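In order of appearance the chains are A, B, C and D, and numbering begins at 1 in each one.
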Amino acid sequence: MANLSAFALNCSLKPSPASSSSELLLRQVLDELARHGVSGSLERLVDHNVKPGVTSDEGEGDDWPELRKRILAADIFILGAPIWIGHPSSLAQRVLERMDAFLGETDDMGRMVSYGTVAGVAIVGNEDGAHHVTAELYQGLADVGFTIPPNAVTYWVGGAMQKTDYNDLEETPVETDQATKMMVRNIIHVARLLKENPYPGDPDE
Amino acid sequence: MANLSAFALNCSLKPSPASSSSELLLRQVLDELARHGVSGSLERLVDHNVKPGVTSDEGEGDDWPELRKRILAADIFILGAPIWIGHPSSLAQRVLERMDAFLGETDDMGRMVSYGTVAGVAIVGNEDGAHHVTAELYQGLADVGFTIPPNAVTYWVGGAMQKTDYNDLEETPVETDQATKMMVRNIIHVARLLKENPYPGDPDE
Amino acid sequence: MANLSAFALNCSLKPSPASSSSELLLRQVLDELARHGVSGSLERLVDHNVKPGVTSDEGEGDDWPELRKRILAADIFILGAPIWIGHPSSLAQRVLERMDAFLGETDDMGRMVSYGTVAGVAIVGNEDGAHHVTAELYQGLADVGFTIPPNAVTYWVGGAMQKTDYNDLEETPVETDQATKMMVRNIIHVARLLKENPYPGDPDE
Amino acid sequence: MANLSAFALNCSLKPSPASSSSELLLRQVLDELARHGVSGSLERLVDHNVKPGVTSDEGEGDDWPELRKRILAADIFILGAPIWIGHPSSLAQRVLERMDAFLGETDDMGRMVSYGTVAGVAIVGNEDGAHHVTAELYQGLADVGFTIPPNAVTYWVGGAMQKTDYNDLEETPVETDQATKMMVRNIIHVARLLKENPYPGDPDE
């Protein structure tokens, strides 16, 4: 059976080495993927200079081309995002904007460069917004060519107007742990199927 | 100073007399309004036959015309909605759809029938979605002519993937109580100003 | 190769036989599925009495159990929704609310009843909102167990603040036609893979 | 009658002097404000170094403190945003993130620094997303202390999957022009009322 690889991108607003709740959750996802034999790596977007824009290369100093290469080389892409004001972080939206270019990057069968990759999301906030951020990211990712299995999300949020962060918790909540496991099972299943059976595309494109 | 009145509409999926978390929160809002001398009343949408459609009267058996009259007679309108699948309940969306008719119901100065009313929202769920539901309702209400003061929302949600409902709580969380008080202060202030100073509209409309 | 079947549900606010733009688009999707050998059928939700609620059977007179059966018997589920006030119609949200019950309807491997079905969406409005409605429906459908291929949406909207409806157009816009074809190709591909390779689930669930 | 001032912030991804559709629409809003005697100015966020973060000053080289001062000095704040992937641009979300700090910046009556300012939004895209972006921005702005009058938005989008931009149009569409005029009338009315009648706040805060 084909070996699978994963790439996780953390859209926290805080540069390394500051502690990041979304990074903690992404590492738990990568650990669970590893338990299934999937190798993976992780980057924090804010540590790189990803310029504003909607092309695949915004010129001198732009770090996106290298990150883009790693996303597209992976069978599984996990987008990790904190919630701010109830929305995906500005850096998660930055990633979607740069992926807008995929819409024009198709092969002679009309398939985007991202058609071979399955996506999942990992979301943290201190109180609210996980479902909305999931909706924004699923639609954005599926629009630019990724496949979304059922329950392709793991998340944690606290109660209304609370201040505790995910990385303040003493242990992983069982609900989040189960969501991570379910996400990983489903994503691996679809990634294996797509690796051996690519989307057909259309010769008339 | 002018007396103000309020009308609250509960978009719970459960008919009376079933217990409703959004109704509990709406009653707390009405109590706080009463403390400021604002009289109010409340209806549960699902107890009425509000037909699907986008006009102000969908014909025989439609209970919307009566509810519409009460909304427009009030200086303050509070829309209460439970969160389902992370979204406003289907009945909250039904209300917005019926208010779509306001877009065409303007006076000779181009002002919609709803221009004299200030709106607020009260949202409950068991785990997540308050900010997104707020966004959907603010935009929907402002599109159809209501004014939205700052912090015109009170809400409660539990932690990620929890099952407790607002009306299972032994006491009102202090954060929700404070949000209710802030919402009420701001809404009353704007409702008084608008009652004495209606939007000017445009004679050339 | 396994035969596939599709079921389309139209969430228009208008009962049959009134003309419905979302029904026109859904029929075009079913025609394209048929061209690939996939048989299908269509219902309009508002023609049935689907009660408010979040269980799979809301009791006497509830037509959801029969529709639910047809959705789950299909390999492909297409949800068609008009846009009102920029949101999915109240009837599309009603469908998601009734599917909330799927979260508890799992087999002994922890798989929801909907895990075998691939979903797509068809969206019409007269001016704006297709991407947001897509986001709401993708997240809702994936949360309750459906798989979402890339570009699993076809849609039409007009320009800002225009009044023309999809079924007023003299011919199908080429962009919408291409989106329909791409959606159908991708959905069929994943539906075939999942029919022969169900999600594994977890024996420890 | 008090003189009013306005500040417009353009969240285009393109630095000056590149042509920007959202800037064109913002200038039309400022022109209409000027016709009513309201003076205003405009900045393009991407021309400044606004660092990621959720405080009012992210340290050396951060241009946010200066922009923040101009926003809060104005009676009217207009946020202009392009739509990308159906969402507010990453730079519009950046603005909301930086305004998250307002939640803690209150006077001894519990009023945020932004309570004296009325907000409106101006949105452009080439095909879809204006209502959703409006929802995201209204909720974000009202959460951090701004007041939202009815119809506080002007926008333009083209038809489904079209490529024309707002600044490619030969003339301003009459619908967008009317929306601009209505927004300006309503915003000025509320800004005058609030300038003479600030929110009361609460001495017990």
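List of remarks:
Just so it is clear, a contact is a pair of C-beta atoms (placed from the backbone, for glycine too) under 8 Å apart; a residue touches a chain by one contact, two chains touch by 3 or more.
Everything numeric here is computed off the predicted structure, so don't read it as measured data.
Under the contact definition stated at the top, the chains bordering both chain A and chain D are B, C. In this assembly, the chain whose C-alpha centre lies farthest from chain A is B. A count of C-beta contacts for the chain pairs B-C and B-D puts B-D on top. Separating the centre of chain A from that of chain B, both taken as means of CA atoms, is a distance of 36 Å.
Centre-to-centre separation between chain B and chain D, using Cα means, comes to 25 Å.
Chain B and chain C, compared by their mean Cα positions, are separated by 30 Å.
With touch defined as above, residues shared between interfaces to two or more other chains in chain D number as follows: 85-87, 131, 134-136, 139-140, 143-144.
Of all residues in chain A, only 85-87, 127-132, 134-135, 155-162, 173, 175-176, 179 touch chain B in the complex they form. Of all the residues in chain C, the ones that touch chain A in their complex are 110, 112, 114-115, 131, 134-136, 138-140, 142-153, 181-182, 185-186, 189-190, 193-194, 197, 199-202. Listed in rising order, the residues of chain C touching chain B in the complex are 13-14, 46, 52-54, 84-91, 93-94, 96-97, 99-100, 136, 139-140, 143-144.
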